[in-house]
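Each of the next two complexes has chain A plus one other chain: chain B in the first, chain C in the second.
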Partner chain A sequence: MTDAAATAATIAPVIVNEVPRRRRPPLGMAFGILWLVTIILLTVLADFLPFVRGATQAPRGASNYAFGPGVDFWFGSDRLGRDVFARCVYGARISLIIAVTSIAIGLVVGTALGMLTGYFRGWIDRVVSIFVDSLLAFPAIILAALVVGRAGALRESDIQVLGLGFTWLSNAWAITAVFAVLSVAPITRIVRAQTLSLSQREYVLAARSLGARTPRILVREILPNVVPVLVSVLFTGVAILLAAEAGLAFLGYSVEPPQASWGLMVTENREFIDEAWWATLFPCLMLFLTVLSFNLIGDRVARKFDIREAAL
Partner chain B sequence: MRYVAQRLLQFVLVFVVVTFMVLAATRIGSIDPARDLAGGAVTEAQIEQVKAAYPYLDDPLVVQYGYWLKDFVTGEWGRSYVQSQSVVDMFQQRMPSTAFLAFWAIVLGLLIAVPVGVYSAYRRDRAFDRVTSIGSFGAISTPPLVIAVLLLFFIVSRYEFFPSVGRSLYVAPWDSPVEHFKNFFVPALSLGIGLGAVWSRLLRADMILALQSDSVIMARAKGISPRRVLWVHALRTSILSLMTSVALQMSALFGGAVVAETFFGPRGIGDRLIFAIQQNDLLVIQAITAILTIAVVLANVAVDLLYAVVDPRIRMARSLG
Partner chain C sequence: MLLEVTDLRTSFRTPRGTVKAVDGVSFTLDRGRALGIVGESGSGKTVLSRSVMGLLVGSNLERTGSIRFEGEETIDRTARQMRDLWGAEMSMIFQDPMTSLNPLMKIGKQITEPLHAHLGLSKSDALATAEQLLRDVRIPEAGRRLKQYPHELSGGMRQRVMIAIALACGPALVFADEPTTALDVTVQSQILELIGVQRRERNMSVILVTHDLGVVAGHTDEIAVMYGGRLVEKAPTRQLFANMKMPYTEALLASIPKLEDRSHTRLTTIPGRPPDLVNPPAGCPFSPRCAYVRDRCRAEAPPLTPAEDAGHVFACWYPVGSPEYHERRAELGDAAPAAAPGADGEVAS
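Our next item is the complex of A and B:
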């Protein structure tokens, strides 16, 4: 279907009488950066800040949602008497680490695959494309739930590979691994499309006729032109993965309970939403604002470099 | 014709890769697949019974896959020992609910997207466009789980009319339209909002281009009423990309349906799939994922072929290439 979309795009008459638009101040971008800096500072410094309690610390008399949002408990307390604000902060740490790590892995692998397939075409392109299509044809959240669930079984079994057990394989690791693999597919597709068009450009031809070797062309001529796309994908991708983690947590495949992730907090507290809205809605708000910030920044970058998001 | 054959080959390959991945995934961390299939804590006799029915479970993965594929193609989808139900029966019982959920989600998504997208393109950069642009960006940035929680908080727990969370049941529309609406509206809306936001942005961008195209200027010059130009001439060219997006969103829609079903109910195939994953009910997982893959890929192939029907230029390009 991508081929068809491409043909449609080349055939369709594109006449844009672009009306010069007023330059709007990048308020969204400013908000995004501000929010992300706040969140990152909070999560990094959480252990040292006096106003952030421990994630599992439960002051006496705060259980059963005793405190609403207020001076003592900024976001209220949850069923076990833990501070919702503190758990939001520690939840941010886990959610962000999972999302950013997997996107980073996905970017490295996806860029390599995309550039190779886009530049060399041929059989390697066909093989990789089949795998990319397969990963995209299937609801990612189901595959993730399946693999994370099985990773849990693997951890509890006494199966050993090369003499090593799998007791280290926490759910957080499993989620990161699955998300990394899943994010490879769209990134490969985007980078491949970009490389395809870039490799037809004059400066690539010029470099080749000057006798540059293929690795040099890939790294010096093509890679720099893929980077803007990657920056945009980085932000949008983190946003998508944060949302996916929440969905996965709801299905019961998130980090193990004493730990906190935003999705897990929503899942734990949603049954009591009528009595204690704060324990559910504040993690939701954090999740929304963070996803929004990543999207705002990604959108801005994409617009700046005029990237089509068709492949996403 | 050659093009169709290529697409079908690709479809078969994708199907094989996905179903093999799923089969391999279900075997991770499992020492004895026969025990998983029999349902975990069961007697030796029951496991022997499963082994007699599925003797290939100890073979290498590729061999297992071969047996499974043969069974699947011949309609022997196996049996869930945990639920003591055949997989085919399970589909008959659960599939209508999920199909209705997906259908209503798409309908609600289009009901939101088409008016908003068309009107904001028509009155570009005016107040309506500004507000809906911000709104749709916000909706895209809201994770599905958060949308579900908000619907729960602001609608379901406020109005007795809707069944309380997780209590929605499957009622066929021909049995009782009102009950059907009660049970399906909120879960479908939780999916439809996201779809509507994505599609309205897409439609807006597309319509802005379409409104500037020669054919629309020509139509306007011929004196056709602005309304007709907008809704017939301009919208028609944008239908292509909307169709593509509907097909592209299919797999995300099923992923969302799993969450929505678990959250609100009507307990359809997605809910059953999650239960099967918890139990590692091998044959159920494999059958459901296989059917989902077929549905998603067929939707994409169908749209791809429809392109040629809708747009003669693509038909020409393909027959040349």
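Our next item is the complex of A and C:
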């Protein structure tokens, strides 16, 4: 029996089942994706879903005051009688739009700057590096508070640039702008470092030796190889900015009531935490789970690209 | 005359001082011929090939001399002006096939890009040409390979792809910078054979840069030995192996293990290290390591002098075969480098 098996084994090509040594189900990843999909669906469809109440519902008198979580108000209602669940959903909309928009701007600008400085070096590298370094050295929260604080004054002034006033400049836009500028700095650094190393790779030299022009080397040879890093930066960056926005909102430098944002909800309701803990807890929980999801996915993605790099 | 390099000097300014990586090198190359450039690490052979091609960049770079390609001076051209030559007229096969292909681009795309850029071929024409090129470099299932990524191919296969890319636009001159160093021995000879076949078929010239005398022995018409950024000996391949003049060449040859040696024979090495190119030794650059060194070697650098056979030049005051050489060799006895001069032209690789 064993002999026969041994013979068969020697004759037949040995097929080794490729069982990874540690096969951990990607629970974190699964949870992260599930949570984010839910949140995104909720925020996008909030206006059409029957179970999400209007975000800025007018107070309805004492009858709704600080109801606990239950069938009627899933996450309870706050002291103005507003549905905490609905406000969480609309808060998610604002928080996510701010975080994603500013990271997107940061990625575009940061990647462009990083690739230019990393590839050409020289004076452009020096100039940009000075800006990046000062930006990184400047306390972010003070910069953000300063800009958002002054944005209000700018909005109410009648200063015009190119014939346009600043009435559109809501706090949300101001925060997005600050976050975009703030995220440019680390992304530029990361991309610059990556480009410095990539531009010394032989395939870049090989492309040059075949007569490739500089723009195409940047776009075809270097950019695709920077993207894996950018994807993990994207997820981690959104997570950081979500938390930062909540922090600013908590300090009162974010969207203004009656608009909702998770941080704003926390700061509005924290004085009444004894009477209505749900109004503070649920926004915190939402923030926590969303940041966690982004981090879990970002980690996973980063590791995935790492393995790919190692296999090359 | 396809390529005429005269007194090429390439140096880099560094915080430590000026590195004279290539120090007054001259050679010529006819169309269809193969020149081997041999030397150990740091002898300047890679810098020489890149600087002939004009690929080096940097504000700390200084390049003087003359490089005439197809009769035209190219040394004062900018990268922008050289770009039309790169790929189309001269191209380079790199050392490590693992890193010289873009990991995120399909093979087909990487071959067709220069075809688009230089020859202006349409997409389908370029793909057909690419497939033919892959067949020329003996890659099986060429059509399928076009759609694969570099990581799906073996090292030897990738080097073949590199060769196909380098040959794509039919260049007149191909630099092969240690094309076989990263490959195992059986694949090495196949690749060298392939480069030779393509050279003869396309009547192009090849400059084969390597540290391995065995590699150049069977695949070149002429060999130039470099040491410390200088050309120290140059001769037609057969003459060089039959009648080497420079003790360095001799030592290099002696350090190749030989099949007929008894087992446990100690490998012959050249003592010492390659010269510091910032402060090169006075006199002959090889003098600190040479077994036959004399006072004159340390004081005066020997010029390139012609040997008795045609096309053979060497830079040595007391070349292999001179009375002083024999005198010192007798003194050294067994300690002398083992390669006897006058070995027949074929060298076991």
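We adopt the following convention: the second predicted complex is superposed on the first by the 277 of 312 C-alpha atoms of A that agree within 3 Å, B and C clash if a C-alpha of one lies under 4 Å from a C-alpha of the other, contacts with A are read in each partner's own complex, and residues count from 1 in each chain.
Basically, a contact is a pair of C-beta atoms (placed from the backbone, for glycine too) under 8 Å apart; a residue touches a chain by one contact, two chains touch by 3 or more.
Here the structure is a predicted model, which is why all the values come from computation and not from measurement.
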{"item": "First, second, both or neither for A:W277, with chain B first and chain C second", "value": "first"}
{"item": "Touching partner for A:L154 - first (chain B), second (chain C), both, neither", "value": "first"}
{"item": "Between chain B and chain C, more extensive residue contact with chain A", "value": "B"}
{"item": "Contacts of A:L292 with chain B and chain C, given as first, second, both or neither", "value": "first"}
{"item": "Touched partner set for A:R220, first chain B, second chain C, both or neither", "value": "second"}
{"item": "Which of chain B and chain C A:I141 touches, first, second, both or neither", "value": "first"}
{"item": "Chain A-touching residues of chain C, taken from the complex the two chains share", "value": "53, 55, 59, 79, 83-88, 91-92, 94-96, 98-105, 113-114, 117-118, 150-151, 162, 165-166, 168"}
{"item": "Interfacial residue positions of chain A with respect to chain C in the complex", "value": "122, 201-203, 205-213, 220-221, 224-225, 311-312"}
{"item": "Residue numbers on chain A that touch chain B, as the complex places them", "value": "1, 4-5, 7-8, 11-17, 21, 130-131, 133-134, 136-143, 145-147, 149-157, 159, 166, 239, 242-243, 246-247, 249-252, 263, 266, 270, 273-274, 277, 280-281, 284, 287-288, 291-292, 295-296, 299"}
{"item": "Interfacial residue positions of chain B with respect to chain A in the complex", "value": "10, 13-14, 17-18, 21-22, 25-26, 28-31, 125, 137-138, 140-146, 149-150, 152-153, 157, 165, 209, 212-214, 237, 240-241, 244, 247-248, 251-252, 254-255, 258-259, 262-263, 273-274, 277-278, 280, 285, 289, 292-293, 296-297, 300-301, 303-304, 307, 311, 313-314, 317-318"}
